[in-house]
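Look at the two complexes coming up: chain A is in both, with chain B in one and chain C in the other.
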Partner chain A sequence: MNIRSQISMVFHLDKCIGCHTCSIACKNIWTDRKGAEYMWWNNVETKPGTGYPGKWEDQEIYKGGWEKDGTGIALKGAGKKKGLANIFHNPHLPVIDDYYEPFTYKYLDLIESPAGDDQPTARPISMITGEPMDIKMGPNWDDDLSGTPDYARKDPNLLKLSPAEQQAMFQLERMAFFYLPRICNHCLNPACVAACPSGAIYKRGEDGVVLINQDVCRAWRMCVTACPYKKSYYNWNSGKSEKCILCYPRIEAGYAPACMHSCVGRIRYLGVMLYDADQIERVASSDDGSLIQNHLDIIQDPFDPAVIASAKANGVADSTIHAAQYSPTYKFVKKWGLALPLHPEFRTLPMLFYVPPLLPVMASLSKVDNTAQSQKMNDIAKYWPDNWLYDTSTEELWGTLEQARFPLEYMANMFSAGKTSWVADRLKKLMAVRIHRRAVTVGDISAEKAAKVLADTGLDARTAEDIYYLTALAKFDDRFVIPAAHREQAIEMLEFTGDVKGSTGFGFKGGTAGRGA
Partner chain B sequence: MNALNAFLFVAFPYAAVLVFVIGLAIRYRHRGFTISSLSSQFLEGRRLFWGVVPFHVGLLIILTGHLLAFLVPSSILAWNAEPVRLIILEVSAFAFGLSVLVGLGSLMFRRFTESRVRAVTTRMDIAVEVLLLTQIILGLWVALGYRWGSSWFAADLSPYLWSLFALKPETEAVYALPWVIKLHIFGAFLLIFMVPFSRLAHIFVAPLHYLSRPYQQVMWNWDRGAIRDPNTAWSRARPRNN
Partner chain C sequence: MQRKRFDIRSLPRVIMLVLPGLIGMAQASPARAQTGEELFKTHCAACHTVGGGRLVGPDLAGVGDRRAPEWIVRFVQGSQAMVKAGDETAVALFKEYASIPMPDQPLSEAQVLSIVEYTRGGAAATGALTPPAAAPVAAEPTQAEIEHGQALFQGKARPKNGGPSCNSCHEVVHDAVIGGGVLARELTTVFGRLGGQGVRSIIGAPPFPVMQRAYLEKPLTPEEVSALVAFLQFSDRNHALQQPRDYGPKLAASGAGFTALLLGFYTVLWRGRKRQSVYQAISDRQITSSN
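Moving on, here comes the complex of A and B:
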């Protein structure tokens, strides 16, 4: 046993409203620079949709992540042999058009244009060449465009669904979508680290943050290919790759990362999890059938004395172990079993987990006689003289799960490598908590019924209340349990981030100004 | 004339190598951020392939050939003793030289015609490419006009280069060479001189150590074993990622 600590994240997708505040907070702090304009270390995608960069989930195109290779695993599109053989020209490297060409507008034309018959316009210009351009793509170009042929229907997660199921998803009456915010997963088995020929990328032992050493990166570009989530970005100006740093200067000081702090829907949770580093290779090489179970099993119980002893022997601070015991992510992922990793089949063992969105059909339509009800309406009320009842009572407790707006297979393709039972199990728990709370607050469901529902999913009333609290009421300190770095270990604590805004990381301000020497 | 020759083939080579060694060491140690292959594949990927691959593959083989003729001239001479083997060597070397020429030509054409690549082009990039192009054309000219280069390089130039290393320059053989070859030699030292100041430095960070390293890398900012020992916590040096 070799216990290390990992800062892990949980995103509760039922709560995401798709406002992109997280993306903007991140952009303002980290990627508001030349060469990084197109980078969105944090981005929010509409699902079903193609995402950013387009179709990033389709590894037949991008060759990211790991694949089974006999008993072990190998990088799909990089690695020692492939990486060095393709070092001059990487055939699987996405180009900027797969993301989008960054643009701005010639705003000054609005002010400086000479007087004329027409209103002056601000033409879009490329932020790479400075030439006028036609905007063809943006960072969230498919925002809210569920059902569209160009985006939603090209979602790689739909590939395994039958045409009939796909058609059913995009019927106008059934149209639905949800948002998928994404940052670097800070994986336990990061493909970017393994693919870097220079050895510039590393995982920090103390907190598991994956970083790229800008002084060592030589633009061999293999991390961009290797990361199946496409969360390593190539800075075309500085000739260095960059990625989400989980706001480690903030984390070390005990603050939540900018994207999480600013989250309007409060969907984000961050906390420590203790994992057994000796198991990483075995878990990443698991069979398809046991991969997710092993992935969750590598996370250890922070109350287990043996785990605590091993963590201490590894130099994990007492405050970190304490934080692990109160970690909201541990609760969501392990204790309650509500969250799943995104695309575990990429075998990078991501440490960002998602509570799948319930998107329930909690109501049913049935024929009733509405006459009595309609007579109660006054003159200005909108009134449909049909006899449909939008029935929100939950007589059929589990029947509606299969009627969810998305086929379970679709969700399973994203969160459980195609195994629907994992997603169904989590959705049932989410639903059970709702039914329980409905019994408590509305009271139209009997307590016995609610208790039975909870028992069916292996929960009890107290756990359901805990889930409800952490989901709906949790305060800042409940959502973010961050062990600040000890002052004597602080790496960046003495730097004020505002002083170095616009520079390439900390310490070398002039960096991006002169390419080369 | 002799003063010029002495500058070109004695003073300048020493200056170039000195600047190269010291400059590269300083740049590597203190300005590591500036060393990068500065790949532009991200901005334009398709046309790059037809330039970058023939250029690099050809150049690596040609450079290895020059290096071998410098390091083990007797082996080259022994190989060339058989005319068929000499012809095979010369023809394949010339073919790889052509591949460098075609590759570089295509790279330069791409650089001047792709507006995105132009946006990341510096004056030093152009200087390096023009110098490389000149050097390759001169090299091919020498190979065609003054054959057989592999033999007389090993016989005449290798001793000159070794004499530079021994700090006892013997330059008669070089002084007597035609001006095309002289230019080619000077160009080589000029390229060496420019390494610390240009993107050429990326040759010297070629990631061969990747082969011997484990795939995963974990770095601890502090020695995790010693961290709880109050006697060592303040005396430990930080690892190199800081």
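Moving on, here comes the complex of A and C:
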């Protein structure tokens, strides 16, 4: 056993409203620079859709991630031999048009144009060349199913669905979508680290954040190919690759990363998980059938004395172990079994987990007598004096999963390598909690029925309340359990702090005292 | 469109840039006022003597009596122009001295006249005036000298004062020496053309402006000069025996051949490459349908 700590994330997709606030927060802090205009370390995609960069999930195009190689695994598009053969020309790189060519508008023309017969217009200008351009793409061109025939229907997750199932998804009455916010997964078995010929990428020991050393990067761009999530980007201005740094300067100071802090729907959770590093190779090479189970099993119980002992032997601080015991991500992923990794079949063992969205179900319309219901309405309430009922409930409690507007296979292709049972299990739990809360607050479902539903999914009322709390009521400190970074110890390793002991802060680091002058 | 015009605001900057150059030019001549003797040693002594007999060029003792001063000034400042213009004396001299052109010297009229004045005094007056040309011709070069000279020529050995190696600019036909530069003359038979003393004095005190500049602060030591002369003597004698390979058009052809081979190889190796943006078809269709 070789226990290490990992900062992990959970995104609750049921709560995401697709507002892109996270993307903007990230852009403003990190990628609002020359050469980085096209990068979105955090982006939000509409599913079904092709995403950003286009069809990133299709590894037949981009050759990212790992693939089974006998008993072990090998990088699909990079690695020693392939890397050497392609070192001067990487043949599977995304081009700028796969992302989008960043643009702005020549706004000054609106103000400074000489008087004329026509209204002046602000022409689009490329932020790469500075020349006028025709806009072909944006980073979320397929938002909210726009351009469905071109984008949503070309979603790589649809490939394994039958044509009839695909057709059914895009009937006007059935059309539905959900949002998928994405950042770097800070994987346990990162393909980008394995692919880098310069050794510039590393996984930080203390919290598992994957970083690119900008001084060592030599622009081979193998990480761009290797990352199956396409979350490593090449900066054409600096000639270095860049990626999400999980706002480590903020984490070290005890703040949540900018995307998580700004999240309007409060869908994001961040916390420490303890994992067994000795198992990484075995888990990443496991069979398709046992991959997800092994992936979840590599995460260890932070209350287990053996785990704690091994973590301490590896130098994991007590505060970090304590944070792991209160980690919201551990609860979602392991304790409650509600979250799944995105595309586990890429075998990078991502440490960002998603709670799958409870699918919108097909409703029925039936003629009823609404008079009794209408009388309950307040005088100023708006109601329609008609006798139709838009009914989303069904006789069978679990029947709705099969009646969902998406085939379960679609979700399973994203979150469980095609195994529908994993997704169905999580959706049932979500629904059970919902039914339980409906029994508590609305009362139109009997307590017995709610209890039975919970029991079916292996939950009890107490757990359901906990899930409800962390899902709907959680405060900032519940959603983000950030361990102390112990920067004072890091500083002590680099310089002798005894010299300024007793100086009550003045004179430390040379310039501190004169900073206000 | 706004055209870029000269902006009066940039004038101070232009002056700042140009002024130091002008000052430098103005200062150049008075700062280096030299006597005729010094000028002779810097600019002439590589090829000429005063009373020491012929070297590369004629003995200049009493040249002021043989030619008109204006003619001398013109010849020193532009001998080849005079040869081309058909000046009889100039043509005759050019032919007499093995058609070796005399480099144009950056000397003013006054400076040339001061040199002429110096030559009038003659070497007869003082033995000290006798230029190095009068030194006895060196004995047959040793093998060690030749090899050291070759190393210096190629830049394998660094000159003591850090001067540049010869093959930065010059070429010599020699099996063991990889082709040198083409910025200056090819030196295979320079020993035969100029003679040992001529080569020695040119290397020791280069009369050519570029070479002079290159070795001004990094002069070659007398031992290095001897070694280089020995090497040049060796290559002059043995150049007929050298067989440097000349691939001619074959080199270009094989280059093209290997390029084609390499391109073919990569065509096969990268046949599965990603050829275009995943959105190419969409944008093609959109552009076609909008027209």
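As a working rule, the second predicted complex is superposed on the first by the 453 of 517 C-alpha atoms of A that agree within 3 Å, B and C clash if a C-alpha of one lies under 4 Å from a C-alpha of the other, contacts with A are read in each partner's own complex, and residues count from 1 in each chain.
As a working rule, a contact is a pair of C-beta atoms (placed from the backbone, for glycine too) under 8 Å apart; a residue touches a chain by one contact, two chains touch by 3 or more.
Small disclaimer: the values here were computed from a predicted structure and weren't measured.
Student: Do chain B and chain C fit side by side on chain A in the superposed arrangement, or is it a clash?
Tutor: With chain A aligned, chain B runs into chain C, so clash.
Student: Kindly classify A:E206 by the partners it touches after superposition: chain B alone (first), chain C alone (second), both, or neither?
Tutor: The first partner, chain B, only.
Student: Is A:A85 in contact with chain B, with chain C, with both, or with neither (first, second, both, neither)?
Tutor: So A:A85 only meets chain C here.
Student: Of the partners chain B and chain C, which touch A:H295 in the superposed model: first, second, both, neither?
Tutor: A:H295 sits against neither chain B nor chain C.
Student: Based on the superposed arrangement, let me know which partner A:K27 touches: chain B (first), chain C (second), both, or neither?
Tutor: Neither partner.
Student: Does chain C touch more residues of chain A than chain B does, or is it the other way round?
Tutor: B
Student: Once chain A of both complexes is superposed, is A:V95 in touch with chain B (first), chain C (second), both, or neither?
Tutor: both
Student: Report for A:R434: first if it touches chain B alone, second if chain C alone, otherwise both or neither.
Tutor: Neither partner.
Student: Just to be sure I read the superposition right, which of the two partners does A:D150 touch: chain B = first, chain C = second, or both, or neither?
Tutor: It touches chain C, and chain B stays clear.
Student: Can A:A219 be said to touch chain B (first), chain C (second), both, or neither?
Tutor: After superposition on chain A, A:A219 lies in contact with chain B alone.
Student: Examine A:R250 and indicate which partner it touches, taking first as chain B and second as chain C; both and neither are also allowed.
Tutor: neither
Student: Applying the stated clash rule to the superposed structures, which of 22-30, 58-66 or 94-102 from chain B runs into chain C?
Tutor: 94-102
Student: Hey, what residues of chain A end up touching chain B and chain C alike?
Tutor: Common interface on chain A, chain B vs chain C: 89, 91, 93-95.
Student: Could you list, by residue number, the parts of chain A that touch chain C in their complex?
Tutor: 50, 53-55, 61-62, 85-86, 89, 91-95, 97-98, 134, 136-137, 150
Student: Which of the residues in chain A come into contact with chain B in the complex?
Tutor: These residues of chain A touch chain B: 79-80, 83-84, 87-91, 93-96, 128-131, 189-190, 193-194, 196-199, 201-206, 211, 213-221, 224, 234, 236-240, 277, 280, 312, 314-316, 488-489, 491, 504, 508, 511, 514-517.
Student: Given the complex with chain A, which residues does chain C contribute to the contact?
Tutor: 266, 269-270, 272-274, 276-280, 282-283, 286-287
Student: Quick one: in the complex, what on chain B touches chain A?
Tutor: 27, 31-45, 48-49, 52-53, 56-57, 115-116, 118-120, 122, 124-125, 196-199, 201-202, 205, 207, 209-211, 213, 215-225, 227-228, 233-234, 241-242
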